[in-house]
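What follows is chain A paired twice: with chain B in the first complex and chain C in the second.
What follows is the complex of A and B.
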C-alpha cells in the first residue's frame, strides 16, 4: 500500500464521487445544463484516478482486488450509463479516460465469466446510448470506439444486430462528416463480419429489410459510401457462412443489373469492387432464367468489355485468372434456345 | 452563389445558440458552447487555433470554402494542400485534398489518421477541423500554417540549416506535442522536419499522424509494440534502430525521441543525416550505434574524415566535392552550444534504457533560455522568410481543372450501355 497520498479514495468513494459529479453536470435547469468548472475539473481528476486503478501506472500493476471492487461498484450504482449519457458534458481529456475505463472493464474476466458483458446484457440501454453518440459530433468517435469494443463480444453483437436501432447505421454511414461516417461504417462492418455465424443468421432472417436499406448505400451520392458498401457486399457474399444469403442475392436480376452498371462507373475503384460481386453471378452453376437471359442478351458486349477491363492490373494474378474464367464462362453460355438448336 | 449563401445563413441562424456564429452548423449540439469571443485581444492566429477546435464552425460543405492556390503536397503527392478562404468567417485556412481514386492510397490508413487526429486536442498538434467527401476526393480542413513545414523553411532559404535558437523553439514545441501524444499512448513514428509546421505567429504544430500507432489496445496498455507497416520506406532515415531491427524486443514511445535527434540534425544542418546513403548501410550504422552530429567547427573534422573514406568507394564527382567543401567551410564558421550537441547526443542514444522521455528532455539545458510558453519569437528568427498571409493576389483555383477534363474524355470513350 502506498505510504504517501493517504487522501486516496477507496473504489466505493471514488465511484460515488464520480456519480455525484455527473449528476451535478447532468442537471438541466431552465437555462440549460450546469457548467460548473470546479465540478468538471474534479470529475476529470477522479476519472484519471479510476483509469490508473484499472490500468496501473508506469511502475505498478493494477490490484485485482481494487479492480473487482471498482467494477462491482460501477455496476451497482449504474454509473456506466451516466458516464455515457453525459459524455458531452465531460471535458475533452476526461472523455477519453471514459473510453479507456470502458474498454478495460469490458474485457474483464473471472475464469470464463465476463462480468461487464453480463452486466451489459441486462442493461442493453448502455449499448444503444453508445450508438446514439453518432448523432452527437463531439462524441461520435468515442462512442464508436466503445461500440466496436462491444462488437468483439458475440452476445453484444447479437443484441445490437437484432435491435431496431441497428437500422440507424444506414443513416449514420451517410453523414456528411467523413470521419464520423467512416467510423460508423467500421462499426457496421464489424457487426456484420466479426461473428460469422451470428451475422449469417441475422442476414438470412432479415434479408429483405437489410437489402432494401443496403441498396440505398450502393446508390448513394457519396463516393466513399458507395465504394465501401460495394466492397463489403463482395466480402459478405463470398463468405461461405453467408451461402444462403448469397444464393438469394445472386438470383435477383435487379441486383445483377446494378452490378453491371457499376462495372461501367467512372470510378475505377468502384468498377473493380463491382467486378468482385459480378463474378459471383456468372460463376453460379445454377443460374435462374432471368439472370441467364440478361447475361445472354449481353454476351458479346460482356466478353468485349471484360477483355478490355482493367488490363493494367497485370500483376494481380488472382484477378487475371478470375477475369479469364468469367470470359470463358460467358463465351460458353448457351440459352435454352441454343440447346434446342444443338438437339436439332 | 453569394446570395444563396446568405439565404442559408439567415435560415439557420435562428436555431443557433446565441453565440455569434453567422453560419449554419449541420449537426445541432445540445452542449453549452464555450464562450467564443473571449480572446479578441490575443494574437489573431492563436485565437483561431483555439476557437477553431471548440466552435465546430467548419461545415462539411464545399460551398463554405473558396480555394486559392496549391501550397503543398502530401501523402506521396496524392494530396494537394490548398490555401483556402473560409467564406463565412473570411479566415484563411488550408484544405488537403486527397484523391481517393489514386491506387497509392490505402483507404484504411487515411481513415485511421483522420479519426485519430479528431480525437486529439493540443496546441502543438495540428488539428483537423472537419473532413468530408467531394466527388472522389477527401477534403481535410485544417488551420493555415503560413510558413509551411520546417522542410519548406530549409528549402526556401536555410539550405545550410536554421539557427540554433530557431531550432530550439521548433524542437521544444515538437517535444511538447510528443509529450502529449506519448501520454495518450500514441507513438508518432514519423517525426521529421516535413511534418513540423509553423504558423504565421510562430506557433509550431506537429502533423503527419498517418503512421501513428496506439499502445493502448483492447483496454490494456502495451509495454512494447511490434507493428512494422509497409509504407515506412519514406521515413527510414528518421526511424530509431529498434524499429528498423524489427525484432522481438519491439519498441515504444522513446523511438520518437530518436527521430527528434535526427530531426534536430536536419534542422541545424539543412539536410537529414544518412541522406544519400544506401539503406543497408544506414541500417548498419544505426545498429552499430553511430550517432549523427550537428555539423560545426567542433565536429566537422570528424565528419569530413568519414566522408572522404566513403568517397573512396564512390566515383568522386566534381560537383559533389565542391559541395562538400562548401559545407566544410560553412560548418567551420559556426559553433553550436554544447547544450545543443548534448541534446542531440542523448536523443540518439541507442539503448532505450538511457534515452530520455519527452518530458525529461523538456527540462534539458538546451531549452533553458526559451521563454516559457510562446514561440512568437520564431518569425523573427526565420527572417527574411515571410508567412503566406496576403492571398488577395493569388490565383483562384479554376473550376474543372485538367483532371476533370481528362475524366470527361474517359467517360465519353465508354462504350454503349447494357441491354436489359
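What follows is the complex of A and C.
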C-alpha cells in the first residue's frame, strides 16, 4: 500500500477524518458556527493529501487502486455534499483543492462507465447544492465552475435543465454583483448549448415556461443582461437542432414586435443582435398571417429604416447581403388578397 | 605554458574533416579546468563564412510571409506572421488563373469564404482575414496556423495508420466539429484525413469548406443534390448517382471511412479507377480487419451502412461506447513529422529568417540589394488594409534570384579560404 507525502492514512481513514472535521466546522452553536483554527488547518492538509492521491505528485503516479478506494469511500459517506455545503467554512487553499478533487472525480472513467456521474444521478441534491452557491457570494464563482464541469456531462445537464431549480437562473443572471451574474449566465448558456439534443428537447417540451421567463431577460433593465440574452437567443434560434423551437418562436407576433423595438434600441450592439433575430421572421417562407400583417402595416417604414440601418458596416459583406435581401423581401410583400390571387 | 601545447593541438583538430572529433579537447579541458584556463578554438571556415540570406521579406498587408507549408491545385499555403499581433498564421494563396482550371473553382472559394466567416468553433478552422490583389489576380486567405494535416501524419508512419488511442482522440474531436457544422446547417461533403488539421496542442480543426453546402434556414430536412467530394470517401447513395440524398449522413459516411483509414491504414472500398471504385462502394461490401476490437468494428459498421436511414447519426455516434470509452495514450503515438527540407522536428517558425531580412537586412553585404529595395520592403507597414503588396511577388523570378545569390555566396566562401 503506497503512502503519500507525510500522511500515513488509508483512503478510508482520510475520508473519515475529512468528514469528521467538516462536521465540527459545520456544527452550529448558539454563537453561530465554530471557527476552530486547528480543525480548519487539519482539514486543509487532509484535502491536499486527497488531491495528491487523485493526481499523483511529481515523483509518483496516482494508484488506480487507491483512487478507486477513495472514490468509493467518498460516495459511501456522502462527503461530496458536505464539502460543497461547508465550502464557505473552508479556507482558500482548501477550496481550491476541492475544486480539483471534484473535477477529477467527475471525470473518472472505467471503460465506458463514469462512476461519479452515476453517483450524482442518484444524489441529485449535490448538483442543486452547487447551484445554490450562486446565492452565497464568497463561493459563487467556485460553485459555478464546478457546475459547469457537470455541464460537460449530458445526463447531468438533463437533470439540471428539467428541475424546477433551473428557473432560478433567470434571477441569478440578474444578480447585482456583476461577476456572479456573468458566471451564472455562462453556466446558463452552457446548459442550453452544449448538448444539442438535450437542450433542443428541453426547449420544445418547456417552450412556454422557458420563453415567458426569457422575455424578462430580453426586457431587463440591465444592458448586459439584455444584450447577452439577445445574443444567446439568436444562437439558439439559428442552430438547426432547435428547428422546431425556431419555427414556433417566429410565429408569434409578440416576439416580432419585441425584435422590432429592439432594432430601435439606443445601443447599436443591441440593434445589431436584434437584426439577426429579426431577419429570421422576414426570411420565413411560411409567415403566419399575424406576422405578415405586422410586416405589411410597417412595410414602408421598415424599408426606410433598414436602408439607413448600420450603413457604416460597409466591410461586412454578409451583413450587407442579408440587409439587401430583407429589404427586397419586405418590398415584395403582398397582402393576403394578392396572395389569394397568386394561389388561384 | 600548458595551454601553449594545447593550441596547436586544437588547430590540427580543426583541420580534421570529422567535426565530432573536435569536441575531444574540450572534454579534456572540462575535466581539468584549472590547467587550461583559456583556449583558442579555430572553427572550420565553412561554419562561419557568411551564408547569404536567401530569404527575402515579403509583406501582404500586415502579414510577413514565411516558408511554404503545402501546395494544392489552387495554389500554395505559406506560413506567415501577423506583424501587429505577432501571431503565427497560415495563408492560402489562390491564383485566379489556377482556379479557373478547376471545375467550380472560383465559386467554391467564394462559398468557402462566406461560410468560414460566420463560423466559430474549436474544431473548425478560423478564417481571419482576406486580401485580394486584383492586379495579380491573387487572393490571400489568412487562416489560423495549424501544424499539419492528419494525412501528412499518416503518411509519415510505416503502416499509414495511427494507434487506436490516437484515432480515438481525433475522431472524438471530428464528431464535435461535425455536430457544430450540422447545427449551423452546413454539410461539409469532403471529410477526409487531408482536410483535418491539427494545432500545436493537437486540437483538430476541420478545414476546406470548398464543396460544403449551407442548407436553407427553413429547409425541413437536409436533402442535397450535388456532391464534389473525394471519391474514396463518397457514400453509396452518391456512388450510385442518386438525384437527392440526405446531406448529414454523407459526412457520417466519410467520417466512417476516415476512421477506418486511420485505424487500419486501409480503405474500406478500393478500385483501379473511379468507376470501379463507385461500383464497389455501391455494392456496399467491405470487411473490417479482425485486428480491430468489437466495439470499434460495431461503430464502423454503423457508420458504413449502405442505407442512409440505417446509418448512425451524429448523436448516436457521440453516445457510442467506443467514443465514450476512455483510452490511455500508448507509446506508439505518432508525433508530428519533421518539417521542411532540414527535417525540423520542432516545426519551428519559418518566418524568423524573413523577419531578420526585414529588420536587419543591410545592403552593404550584398550588391544585389539596393537602398530603394530595402526601403520598399518597409513600406507595407504604412500601407492600408487593402494592401497592394509592394514587394514584387513573382515566384519564378524569385527562384532565379535565389540561385543567383547562392552562387555568389559560393564565390564569396572561395575567396575567403
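By our rule, the second predicted complex is superposed on the first by the 328 of 344 C-alpha atoms of A that agree within 3 Å, B and C clash if a C-alpha of one lies under 4 Å from a C-alpha of the other, contacts with A are read in each partner's own complex, and residues count from 1 in each chain.
One rule holds in what follows: a contact is a pair of C-beta atoms (placed from the backbone, for glycine too) under 8 Å apart; a residue touches a chain by one contact, two chains touch by 3 or more.
If you're wondering where the values come from, they're calculated on a predicted model, not measured in any experiment.
Output check: A:41 vs chain B and chain C. Expected answer is one of first, second, both, neither. What do you get?
It touches nothing on chain B or chain C.
Given the touch rule stated above, what does A:238 touch, chain B (first), chain C (second), both, or neither?
A:238 sits against chain C, while chain B stays out of touch.
Scan A:111 for contacts with chain B and chain C and give back first, second, both or neither.
Touch status of A:111: second partner only.
Tell me which partner A:125 touches in the superposition: chain B (first), chain C (second), both or neither.
neither
Which of the two partners, first being chain B and second being chain C, lies in contact with A:283: first, second, both, or neither?
Touch partner of A:283: chain C, not chain B.
Looking at the overlay, what does A:300 touch: chain B (first), chain C (second), both, or neither?
neither
Which partner does A:88 reach: the first (chain B), the second (chain C), both, or neither?
After superposing on A, A:88 lies in contact with chain B but is clear of chain C.
Should A:318 be classified as contacting the first partner (chain B), the second (chain C), both, or neither?
Touch partner of A:318: chain C, not chain B.
Check whether chain B or chain C contacts more residues of chain A in the superposed model.
B
One more residue to check, A:178. First (chain B), second (chain C), both or neither?
Only chain B is touched by A:178; chain C is not.
Show which residues of chain A lie in contact with chain B when the two form their complex.
Residues in contact with chain B: 32-33, 35, 55-56, 88-89, 92-93, 96, 100, 102-107, 135-138, 141-142, 149, 152, 176-179, 182-183, 186, 222-224, 227, 257, 260-261, 264, 266-269, 294, 297-298, 301, 304-305.
Tell me, which parts of chain A touch chain C in their complex?
Of all residues in chain A, those touching chain C are 109, 111-112, 154, 196-197, 238-241, 247, 280, 283-286, 318.
Sort out for me which residues of chain C touch chain A in the complex.
114, 117-118, 179, 182-185, 215, 217-218, 315, 319, 321, 324-326
Which part of chain B faces chain A closely enough to touch in the complex?
Chain B reaches chain A through residues 26-27, 29-32, 56, 60-61, 100-101, 111, 114-115, 118-119, 121, 128, 130-133, 135-136, 138-139, 184, 216, 218-221, 407, 410-411, 414-415, 417-420.
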